[in-house]
Amino acid sequence: MPKANKVKPAGKAPAGKAKPELRAIKGGKTAPPAKPAAKAAATPLKPASAAADDAPVIALNLPPGKLSPAMTAYFKKCQDKLGFVPNVLVAYAFDNAKLEAFVAMYNDLMLGDSGLSKLEREMIAVAVSSQNRCYYCLTAHGAAVRQYSGNPLLGEHLVMNYRAARVNKRQRAMLDFAVKLTASPWSVEEADRERLRRAGFSDRDIWDISAIAGFFNMSNRIASATDMRPNTIYHGQAR
Amino acid sequence: MPKANKVKPAGKAPAGKAKPELRAIKGGKTAPPAKPAAKAAATPLKPASAAADDAPVIALNLPPGKLSPAMTAYFKKCQDKLGFVPNVLVAYAFDNAKLEAFVAMYNDLMLGDSGLSKLEREMIAVAVSSQNRCYYCLTAHGAAVRQYSGNPLLGEHLVMNYRAARVNKRQRAMLDFAVKLTASPWSVEEADRERLRRAGFSDRDIWDISAIAGFFNMSNRIASATDMRPNTIYHGQAR
Amino acid sequence: MPKANKVKPAGKAPAGKAKPELRAIKGGKTAPPAKPAAKAAATPLKPASAAADDAPVIALNLPPGKLSPAMTAYFKKCQDKLGFVPNVLVAYAFDNAKLEAFVAMYNDLMLGDSGLSKLEREMIAVAVSSQNRCYYCLTAHGAAVRQYSGNPLLGEHLVMNYRAARVNKRQRAMLDFAVKLTASPWSVEEADRERLRRAGFSDRDIWDISAIAGFFNMSNRIASATDMRPNTIYHGQAR
Amino acid sequence: MPKANKVKPAGKAPAGKAKPELRAIKGGKTAPPAKPAAKAAATPLKPASAAADDAPVIALNLPPGKLSPAMTAYFKKCQDKLGFVPNVLVAYAFDNAKLEAFVAMYNDLMLGDSGLSKLEREMIAVAVSSQNRCYYCLTAHGAAVRQYSGNPLLGEHLVMNYRAARVNKRQRAMLDFAVKLTASPWSVEEADRERLRRAGFSDRDIWDISAIAGFFNMSNRIASATDMRPNTIYHGQAR
Amino acid sequence: MPKANKVKPAGKAPAGKAKPELRAIKGGKTAPPAKPAAKAAATPLKPASAAADDAPVIALNLPPGKLSPAMTAYFKKCQDKLGFVPNVLVAYAFDNAKLEAFVAMYNDLMLGDSGLSKLEREMIAVAVSSQNRCYYCLTAHGAAVRQYSGNPLLGEHLVMNYRAARVNKRQRAMLDFAVKLTASPWSVEEADRERLRRAGFSDRDIWDISAIAGFFNMSNRIASATDMRPNTIYHGQAR
Amino acid sequence: MPKANKVKPAGKAPAGKAKPELRAIKGGKTAPPAKPAAKAAATPLKPASAAADDAPVIALNLPPGKLSPAMTAYFKKCQDKLGFVPNVLVAYAFDNAKLEAFVAMYNDLMLGDSGLSKLEREMIAVAVSSQNRCYYCLTAHGAAVRQYSGNPLLGEHLVMNYRAARVNKRQRAMLDFAVKLTASPWSVEEADRERLRRAGFSDRDIWDISAIAGFFNMSNRIASATDMRPNTIYHGQAR
């Protein structure tokens, strides 16, 4: 079992129901705040079990590092807008350079310009994380799919078996590609790219699908390797 | 995609939050009702998507069969106590003999006498269904774990990766056995049974763990083979 | 190794060569007897090894339960018609309720009305059990395929690799579906059902194929989990 | 389906029950004949299905080659002693050099000097062929295990799941090694060899286990690639 | 097959044999140059096949983006020090923000402070890439292992099967963890972390091992998804 | 770890760059010498690591056997033409009968008449060995592909992921068949043979592809089981 004195969750995470647009927080680039997270969660978690679940945040004992002003501001913005700092950021906070690199890549991929909608990007995140059975990412990005789609069931479909989701052909082709790339990357070839093109994706879109699927194959493994625990608030969001 | 005119969901499923004990409905044996399902669900699903998700209940066109008085009474009792008839029963209702056999086996395994608590039995159901990525069973039995345990996170752990659940050693041994039996039944041997005995399980308990794991390996496959869809109400229960 | 004093085989199993129709014994419903099992097996097994193989019947120490009159009659009928009580029934006999539920489901699936012939149902049983490498079910249902088909080689094909069997297109489609459903249930979708329909199966037939494949995925696991040993007489039947 | 005019079975295979020692036929080295195969098989196969099963012997159209005197004599000896020429030899007979190389390696491995008994070598053959689900080798070498052991059930155990066989610790270690080497050769390391040494095997024995397991990984693939069909007579031998 | 007009390799890659320390190029941070790459490669590749292999660099048609001054300087430094711009950078150059994020993360992980030597980090890269069978990363990082270690065989071991490498216990534990995390991330637990601690790794080291293994699980997939081709010069380096 | 005093490498292996035709050494049949191996290797291996890598040749302690005159002559010819005796032959030299059987089969398959070129046969060897992650065979036959093709990159493609190799359709079909036969031999059927025929292969060619793929499935396992180490000279050949 994890030893005591591990990385601690940052601040207090008041139960809140973040609107999708609140996710558009860019690291160090200070996008204008959208809407404050106002309402308390409708279904409060049992305090005991909630406390047990994400403390410590990871099963490694890493003393907190010194954050740059940009990262300090970013954490504050998370707290203000979302009502909490996502635990993946807390986990990375032992080393400011690693945190900045992670935030820059994450924000570019998930929030930057793309032919894929933000919902589609989160759908890839969840389908990949389901293939890899990653508790952290399924929880955090399952909540994001529920929020962006306004369809709580879509989040559940993607967590459980993306083939059960009633998505359109374009999205199904996208998820098939991402999951194949996750399960057997060595087997992806031109025929797979052609299938995406026939479903309407541009070559730039294919890069984005690949890069997002790749990113979560990284994050899933860091989370599993460290037993990273998601903020408990995610579980009740947008049900 | 499934053709039209498939098996329809039975009756109207009023949003309700069934207490765990309401599950103790015995087929044809009429246990006394426990507590009525009173409160409406806090987070109503989008009507459109909810309707889309479990209609039809399965992707096979099977005309409804004639139910025996016992089964008719059982359906009524479900409606009264749970507020809905579970879709697996609706799916089986095309043939009364099959329905009765399923109900008899299910109720014996999940509600009959056992050294395993009802929660532990549901935990096995979800861990097995996660290994098999079964949308129907993860949804219905994930809700049951949340209800019986009063710990919504436990349901999520078991749906996503049972190794993330912070359970005791006995329960971990039980889940390890059930998942190994699911993934590679040919490899289960005396050493595996001995591990259960050392964790405190009797030989009768080992039968029960095996039989429940076996049962959900059956149900998962029938559900996947027919694209069985869970009642949408499960998704919001006991969050 | 299994401990002593486990579930014992029921009665004495005189070496006999049961005709296929003798399998049509309905639990508690007393079908008329067909033909008695007359001839002794041509190749008697070495007593030592035979005795060693199915005693005990399972590797769990479960004291025998009290059978209902219906189940007592059913066991007697097995003894009269087949010359032995199948060990799976002996294994379940520690608990009458579980035995009855198993018998009811088994007899409905394997002997009840269906668009599938009894031979086809046994073929599914063996192909699924081969995928799961289940010694009990391969032995008992391999014998059934040999008996029903009058083709000893068909039984061997299905035990060893169903793709080696020279069956018609309908049966091949049926076995492909059952084996895929066994190996990766999460991947079965509408295209798989359509393949069955194109091979001439009705939606009701698809249910039956799925339910039988599901049933043996259950039985295989209970047998493997308990080291259930088939009656040695099966090995020599209908060679 | 295979095209017509494929490799034909050699000669007529009179149903016979070869004694184990009849297998000790050395290619080109003319060991003295042991005992003639006298008795007709107790359970004659249905002519229709038997004929269908091993004609053609393989699904490739390879015109017969010219055999050397040594190979002609070897075929004759097979016919005299076993009552038939094993179909694997018929298959190789399109090219005398390939036939001779195969026979030399086979006879050295399976009949030459070794710390492993001939039965143990056949046990490896069947366990490996079961892992690879090879119809030809399971049939031919399953019969050999039944013959050498005088225990028909041992042959069935090894065909179906070697873990069900009640063998001693030495033989279990041998089979575990052979099956691991078959399923994931990249993962075999010094610890695996040490396990064999602790079970009493010499380094020379380890070579033999490895070489036999390797040989059947070759033969299984050639048989599967060509749909090689075993002589039907094997099925009824030593039951 | 890939369409014409894909991402082109940057500049001319004069055959050179970069010293290990030349890899220490930090993106946008301009580390002082080490030693120039002087000698031409001893074994020039066939021009035809070499040209065919990495043109285009990827199988997606992505018009080149405008690089920031920092990235322009970084490319120039690569050209000056290594004699070429690694194709992964060329591939990312269609979008400066993605390129900068990739370079920042790569350089932090592979060249920043760590309890792991640079060689150990490259060893993880290759072992992970071998599990994923990634042509690009095996080529580029296989060369890096050869360079850093001065042991060409170590690079080959890790490309082919890391278990064949004769490394010390610490490094073996590190590679076992990285490969398990790659193959079945869901199965990594506290026992795996404890194994690393017992091999002498700190919790910070465990993070680094996980993050590097994660990073190459990302890069392997982006490379496979886009058919990214390594600069041909890598093949001959440090043999 | 391997114990001391294992099989030793034969003679001294002067660094040389064997021309492809030098491989055409027939066991006991004395083909005329082609060209002597003249040039010393351009990149000498670190003596320490090279010495460590193939001494002992295998991790089994097998005293050398007495070689027949034919085998003694064969070893001498290897030494004269190649500059070294391949370690697989050294490994087999503990038993002359086994060595002769191996050499006969190897030379027939890889150097005898066939519709496949010698390069194509080596391509199969490497693709199969990559699937099985066999260090010995990837090293020795990777060198052979580099030599026969004059394209060092083709060897690397096949070692790393044969799908990355830019081969023609015929060769791709051949490699797809060989790798499928390696990974799941039970699944190869007539449709797979038809695919080869459509790619231009005769039934005799299909036999050869199957037999070579089968042979390396054997050799890979013997090499992995014994930790067979390739002559270090291979690593630098034909780069």
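Brief remarks follow.
For clarity, chains are labelled A, B, C, D, E and F in written order, and residue numbers in each chain start from 1.
Keep this in mind: contacts are C-beta pairs under 8 Å (C-beta built on N, C-alpha and C of every residue); 3 or more make two chains touch, one makes a residue touch a chain.
Predicted, not measured: the structure shown is a model, and the values here were computed from it.
The minimum number of touch steps linking chain B to chain F comes to 2.
At the far end from chain C, in terms of centres built from Cα atoms, lies E. When each chain is reduced to the average of its Cα atoms, F sits farthest from chain B.
To overlay chain A on chain D by their CA atoms, one rotates by 180 degrees, a value rounded to a multiple of 5.
We define each chain's centre as the mean of its Cα atoms; on that basis chain A and chain F are separated by 48 Å. With each centre defined as the average position of its C-alpha atoms, the distance from chain C to chain D rounds to 29 Å.
Touching of two or more other chains is recorded for residues 133-134, 161, 186, 189, 227 of chain A.
Under the contact rule stated at the top, the pairs of chains that touch are A-B, A-C, A-E, A-F, B-C, B-D, B-E, C-D, C-F, D-E, D-F, E-F. Remark: chain B residues 186-187, 189 touch chain D in the complex.
The touching residues of chain D, when paired with chain B in their complex, are 161, 163. On the chain E side of its complex with chain A, the touching residues are 1-2, 59-62, 94, 97-98, 100-102, 104-105, 108, 112, 132-134, 177, 181-182, 185-186, 188-190, 192-193, 203-204, 206-207, 209-211, 213-215, 217-222, 224-227.
The touching residues of chain E, when paired with chain F in their complex, are 42-43, 45-46, 49-50, 52-53, 130, 133-135, 138-139, 150-154, 156-157, 159-161, 164, 166, 227, 232, 235-236, 238-239.
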